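Provided herewith is a single structure, encoded as structure tokens, for subsequent inquiry.
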Amino acid sequence: MGEKWTTKVTKVEPNKLTLRGYQLDELIGKLPFSSTAFLAITGRLPESEEGKLFDAILTSSVDHGVTPPSCQVARTLASTGVPPVQAVAGGISTISDYHGGAITRAMEVFYGVPEDAGKIVESAQDYVARARSEKRVLFGFGHRYHNDDPRTRKLLSLARELGYHGGYCAYALALADALGEALGRRLPLNVDGAIAALLCELGFSPDVGNLIFALARVPGLIAHVMEEKRHFKPMRRIVVEDHLYEGELGRGL
Amino acid sequence: MGEKWTTKVTKVEPNKLTLRGYQLDELIGKLPFSSTAFLAITGRLPESEEGKLFDAILTSSVDHGVTPPSCQVARTLASTGVPPVQAVAGGISTISDYHGGAITRAMEVFYGVPEDAGKIVESAQDYVARARSEKRVLFGFGHRYHNDDPRTRKLLSLARELGYHGGYCAYALALADALGEALGRRLPLNVDGAIAALLCELGFSPDVGNLIFALARVPGLIAHVMEEKRHFKPMRRIVVEDHLYEGELGRGL
Amino acid sequence: MGEKWTTKVTKVEPNKLTLRGYQLDELIGKLPFSSTAFLAITGRLPESEEGKLFDAILTSSVDHGVTPPSCQVARTLASTGVPPVQAVAGGISTISDYHGGAITRAMEVFYGVPEDAGKIVESAQDYVARARSEKRVLFGFGHRYHNDDPRTRKLLSLARELGYHGGYCAYALALADALGEALGRRLPLNVDGAIAALLCELGFSPDVGNLIFALARVPGLIAHVMEEKRHFKPMRRIVVEDHLYEGELGRGL
Amino acid sequence: MGEKWTTKVTKVEPNKLTLRGYQLDELIGKLPFSSTAFLAITGRLPESEEGKLFDAILTSSVDHGVTPPSCQVARTLASTGVPPVQAVAGGISTISDYHGGAITRAMEVFYGVPEDAGKIVESAQDYVARARSEKRVLFGFGHRYHNDDPRTRKLLSLARELGYHGGYCAYALALADALGEALGRRLPLNVDGAIAALLCELGFSPDVGNLIFALARVPGLIAHVMEEKRHFKPMRRIVVEDHLYEGELGRGL
């Protein structure tokens, strides 16, 4: 036997599993999966409204079609004959500084919100000026496809409704305003930025920002990998510019 | 432009995302993440009780401590300095025929349930006899640590409660009985087997069995990777036999 | 301490490394890397001409430009900010049934060469007829870009020169002829098929066929990953159809 | 068609492949694989002695038994049923800051050698003092198993013999001396450090240091993955402390 080392995640005993202090079988059917995920990652159960907000964050990132690099890599792997799980894993492995990483980077900035709410606007303007003079990119603003991203709007309105639209959200929006002013054109908070602000409100550490995105994107990658596997010839050249959406449209809840 | 090809997963338009026919922003805050995952993977929303059952399946697989190969690989990667997302992806990539794959294999068998409910016991006995004479392993029965797995019990009782304890569950249990009789010792349905039976009840295709497990295990892997990263020296020799659980205990909902 | 298990690859002692029975430091500078690779993989040193042939096989597969899925995945990973090693690993992970796997599949067929050299042509015709009636693909013949692949020609002529153009090569060429006759158009042995035939001549087991290809392709993937990293903006959309070669041309040895 | 982009690695034309300006088929059988790898990575052919040295570097890193994290991850993946190529890729993906990364870090330091050879000793002492006062680790010195690593000795003596024991080697050894003095115990240049010094002598850029190591380690990983696959039960618990070497011993060239 070597030196002992300790874990605080899960205790495994015969016929008993304890996750972060809770019996796992007591969570099953009681708590939504997203809240169990919150527990596993942070070590505490979300308060009820926190759980709803965290669930919404995951839902908002479940898929973004065939163009993101995660989807391209996952479909390419599926197409060469790699087993589906390994294709999904390959897709996840693309999540990095420039894909999903904006969440982590934006959180680092948003955690710098001034304590005094009255100074948020000024502080945001200072930050933007400094970033611009140092030629640093501000993550979480603007999007290639969307200029009024419905996910952003929904996440922020939900945060307001649930009482989690606090200082981090205010700072994120103030930064967007300051950036827009500095650039002379609106560069709105994007979905990465909105998620970053909400993860700050929930107390997540910045370094798990892109891991939350990775978790959220798994179902989308599963869908793409299985579609590729089931409906396409192996080793086809996947040109994303040539895709058409031919699925369902206009379904209502 | 090359030849067009089609996808049915997500339509991306400026300021509008359609997932399997539903506007994504309408799902946010309305549906649990697990139901959106169900939608992404199967193309349809779960009926309300199906959603609960699917959520329970995911929750049951969220983590199993430091011994599974997925956790060992993820922690080893984290320990050598690989970024956390890539460490999690590496952990997922271990999910294969012998780790999580039992779900897929068991589903293939359970889908062979006879239509006539009166023939389930006999058919199970035949199946076990045939498998034994062909020296084929039966997946989904028995466990290294647990002989009365609380997750299995909870999943099956929840299925009963929600009205989803149908022919596949009956067949799975009949196979366990037949196997026990043939071996002269009880080899109960394990958590992989229970999940397999429930995924059959929900109409999932066998080839996504281990992908569902992969999705469910991501939060656990995130927890282990971050624990490794934050609390241990890089490149330590991780001997799972030497671990102790020193986390919370006895927390109640 | 648990149960002992054994390895036959490398013995590690203080200040001494033994690879497959040879002191590693005695190999350094004496044997080419490719021969050490041969030793590591097969457990024996190549005879001198075998070493040359194996080296030629590796050289022939070092790169094939930006279109193969391995290169696309590796460059995409590099472009999203994944560290170079992980980008290369992702590229390798695409090597599978339909990318590199033809080597393994072709070896399985070529090892079925009849012992009696006089029956090679007839046996090849039978094999092709059977494969066609069972609608099975024959791997190792035909190529998207090349109809007279210079690598194939060079590998076969080198095998002839070194005395390794034996029954497996003869069978591979007879299969190409039989296939051409059956199809009414020439479908020549491609580079995968040539490599497969030579690996059979060298006694490699079919299951390492695509692993040899993976080893050979690593330098190419390194070149692409570093080019992407150094000369392109992150997260660019990499459309292989739009690439131009602007490197050196016409250099002679 | 989108915007054109350029590559300088490989030009693919029908029946013609040009690697870094050379016809690939002209390299086959003429140049050792390691020299083709050198060409692919650096864009130039090695001078003859450079080729020998680079080949020696690769040979020295081909394997280090079952304990390195790359081997543990690759064997674990093989054991769960992941296809061999993906298991090897998983092994490679462990190569990072703390596994192989020492080569890259050491190269960054060694490239700081003073131009004036007479100042090497003093500069090394300064560097060590500064690193110690900033509590920075010096990479490339000391080893868990070996205190007089036969690979290091061989690589350095070969460099001397071939005329490549220049300023970078001198600086590396001066740093080892300075470190030993500062610590009051010898902490010799290890194999990572020796490789780093030689890669500097050959003009490699530091960021490819651990990629060269990745290439070199592939044959070892193939050997371990295939051994695991062929000779062990799936999903066994792989405890490296319990392994025994039972392969060949005492073979001579």
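Labels A, B, C and D are assigned to the chains in the order they are written; within every chain, residues are numbered from 1.
Assume contacts are C-beta pairs under 8 Å (C-beta built on N, C-alpha and C of every residue); 3 or more make two chains touch, one makes a residue touch a chain.
This structure is a prediction, so every number in the text was calculated from the model and none was measured.
Engineer: Hopping along touching chains only, can you work out the least number of steps from subunit B to subunit D?
Structural biologist: 1
Engineer: Shared interface numbers for subunit B and subunit C above half of all numbers used, same, or below, different?
Structural biologist: Shared-number fraction above one half, so same.
Engineer: Match interface B-D to one of A-C, C-D or B-C, accepting only the pair for which over half of the contact pairs are the same residue numbers.
Structural biologist: Comparing each option in A-C, C-D or B-C with B-D, the repeat is A-C.
Engineer: Can you compute the centre-to-centre distance for subunit A and subunit B, using the mean CA position of each chain? Integer Å is fine.
Structural biologist: 23
Engineer: Indicate the whole-number Å distance between the mean C-alpha point of subunit A and the mean C-alpha point of subunit D.
Structural biologist: Averaging C-alpha atoms per chain gives centres 36 Å apart.
Engineer: Mind pulling the residue numbers of subunit A that touch at least two other chains?
Structural biologist: 2, 67, 82-83, 86, 90, 93, 95-96, 237, 239, 241 - these are the residues of subunit A that touch more than one other chain.
Engineer: Name, in rising order, each residue of subunit B that touches subunit C in their complex.
Structural biologist: Result: residues 2, 82-83, 86, 93, 241 of subunit B touch subunit C.
Engineer: Quick one: which bits of subunit B touch subunit D in the complex? Just the residue numbers, please.
Structural biologist: Where subunit B meets subunit D, its residues are 67, 69, 72-73, 76-77, 79-82, 86, 90, 93-99, 101, 234-235, 237, 239-241.
Engineer: What residues on subunit B touch subunit A, complex-wise?
Structural biologist: That would be residues 1-34, 36-37, 40-41, 43, 45, 52, 55-56, 58-60, 62-67, 83-86, 88-90, 92-93, 95-96, 100, 145-151, 153-155, 158, 207-208, 210-211, 214-216, 218-220, 222-227, 229, 232, 236-239, 241-253 of subunit B.
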